[in-house]
Amino acid sequence: MRINIKYFGQIAEVTQKEEESLEFSGIFVSDLLNSLFSTYSELKNTSFKVAQNQELISNTTKVTGAEIALLPPFSGG
Amino acid sequence: MQSKKPKNVFQQGAISSDFIGNSIFKHQTKTSIGAHNIFLGQVRADVIDGKTVSAIEYTAYEDMANKKFHEIRESAFEKFDLTCMHIYHSLGTVKAGEICLFVFVSSPRRKVVFEALEFIVEAIKAETPVFGKEIFEDESHQWKINS
Amino acid sequence: MQSKKPKNVFQQGAISSDFIGNSIFKHQTKTSIGAHNIFLGQVRADVIDGKTVSAIEYTAYEDMANKKFHEIRESAFEKFDLTCMHIYHSLGTVKAGEICLFVFVSSPRRKVVFEALEFIVEAIKAETPVFGKEIFEDESHQWKINS
Amino acid sequence: MRINIKYFGQIAEVTQKEEESLEFSGIFVSDLLNSLFSTYSELKNTSFKVAQNQELISNTTKVTGAEIALLPPFSGG
């Protein structure tokens, strides 16, 4: 499955990019994160939430969506 | 004033006092309103480890944020007897002393606006994917965290 | 911004949106402020027994009212960590849709401004000797009572 | 004792004046009010509070001040 991943704020500083398209063969969010941790080891020490198709999801959610986003702590306003 | 489609809440740069004054002016034709309540977020020149914040640079996951702003709006209209509600948030650079968030609620009665405004502002802080980078005078930075 | 001498809170006629916008603008040099909260009272065109309110005519026991506004101000500064606080109230005729009360509080942090603003507005309604005469379109009137 | 009495809002409509100066020989606020009720009988049916030198007082307070005000229900804001 081809998924599009977006990175924001402090996360984009770690990945040094704002988005990328990845081939993903796992099932759960946790599988995807493990794969990202092996590419961007510093992500392990960075706080973030995961959104799939613009809704927050947990590590045990199945990856189904075309758009995944890694969101650091919100600090609007 | 209630709409079913997400609007774009973001505007580039600071929100000017003229814009706010003009927004107040536009509500003077709505004569069922008895009370307005306005929240303004202003960028603070905090001093952190001896360095002073000169600006905040805002980015957002815009589509998701606009969707969340819309959900907050819909639930506020459902919970409270509001006549009008407007939210504006800055993107890009907002200097210390400038305004980055403008939330405006109006109702026939005052009790309602107090409750509604606090509900909306707290929801914005907690639920919208907006990210503030605090820029110091020496151009170093740190990522803002809401308290 | 805290003063020990009662100021005159009253201004003749409606409070304009320009005045409010300008008051917001003046706070942009105060870079310790992170949150503003503004309450505006607007005259409603209420329909009572088939007649529509076209304006409210305000009178006050001015000296006592200014003294009470000052006491409210002092106690708000004592209870809450406020950077600034401003109150303006109209005297004379304010037409439906126009603004008759403008309360403006500012603080480094947002939680404070919500609490402080509601405290101040409720105290104004309860404690200041200001009297509103609701003028109907046919020039008859009734005396307003706060609820 | 010479006292100055101020009337506001609906009260001034009843008395048809905004202030007056009266010679007062009683002691308590209630004495003063009885004297006013005999002049302005409609005042009995009108709701108001009494202030002496700009502070609210009760009917059992002694009249000492130069300035008394009859205040209808507050309706600012």
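The first chain written gets the first letter, and so on, giving A, B, C and D; residue counts start at 1 in each chain.
Note that in this section a residue touches a chain if its C-beta (ideal position, glycine included) is under 8 Å from a C-beta of that chain, and two chains touch if they have at least 3 such contacts.
Everything numeric in this text was worked out from a predicted model, so none of it was measured.
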**Study point:** Required minimum of steps from subunit A to subunit C, each step between chains that touch
**Key:** 2
Study note, to complete from the structure: Distance in whole angstrom between the CA centres of subunit A and subunit B is 27
Study note, to complete from the structure: Distance between the CA centroids of subunit B and subunit C (whole Å) is 23
Exercise for review: Measure off the straight-line distance from the CA centroid of subunit B to the CA centroid of subunit D, and report it in whole Å.
Suggested key: 49
Revision key, fill the gap. Residue numbers in subunit C touching two or more further chains are 41, 110, 121
Review point. Of all the residues in subunit D, which ones touch at least 2 other chains?
Key: 77
Point to revise | Pairwise chain contacts, counting only pairs that touch as defined | key: A-B, B-C, C-D
Revision key, fill the gap. Subunit B residues touching subunit C in their complex are 17-18, 20-22, 24-25, 27-45, 96-99, 106, 108-110, 113-114, 117-118, 121, 147
Point to revise | Residues of subunit C defined as touching subunit D within the complex | key: 41, 58-61, 63-65, 67, 89, 100-101, 121, 124-133, 143-146
Study note, to complete from the structure: In the complex, the residues of subunit D that touch subunit C are 6, 8-10, 51, 54, 69, 71-77
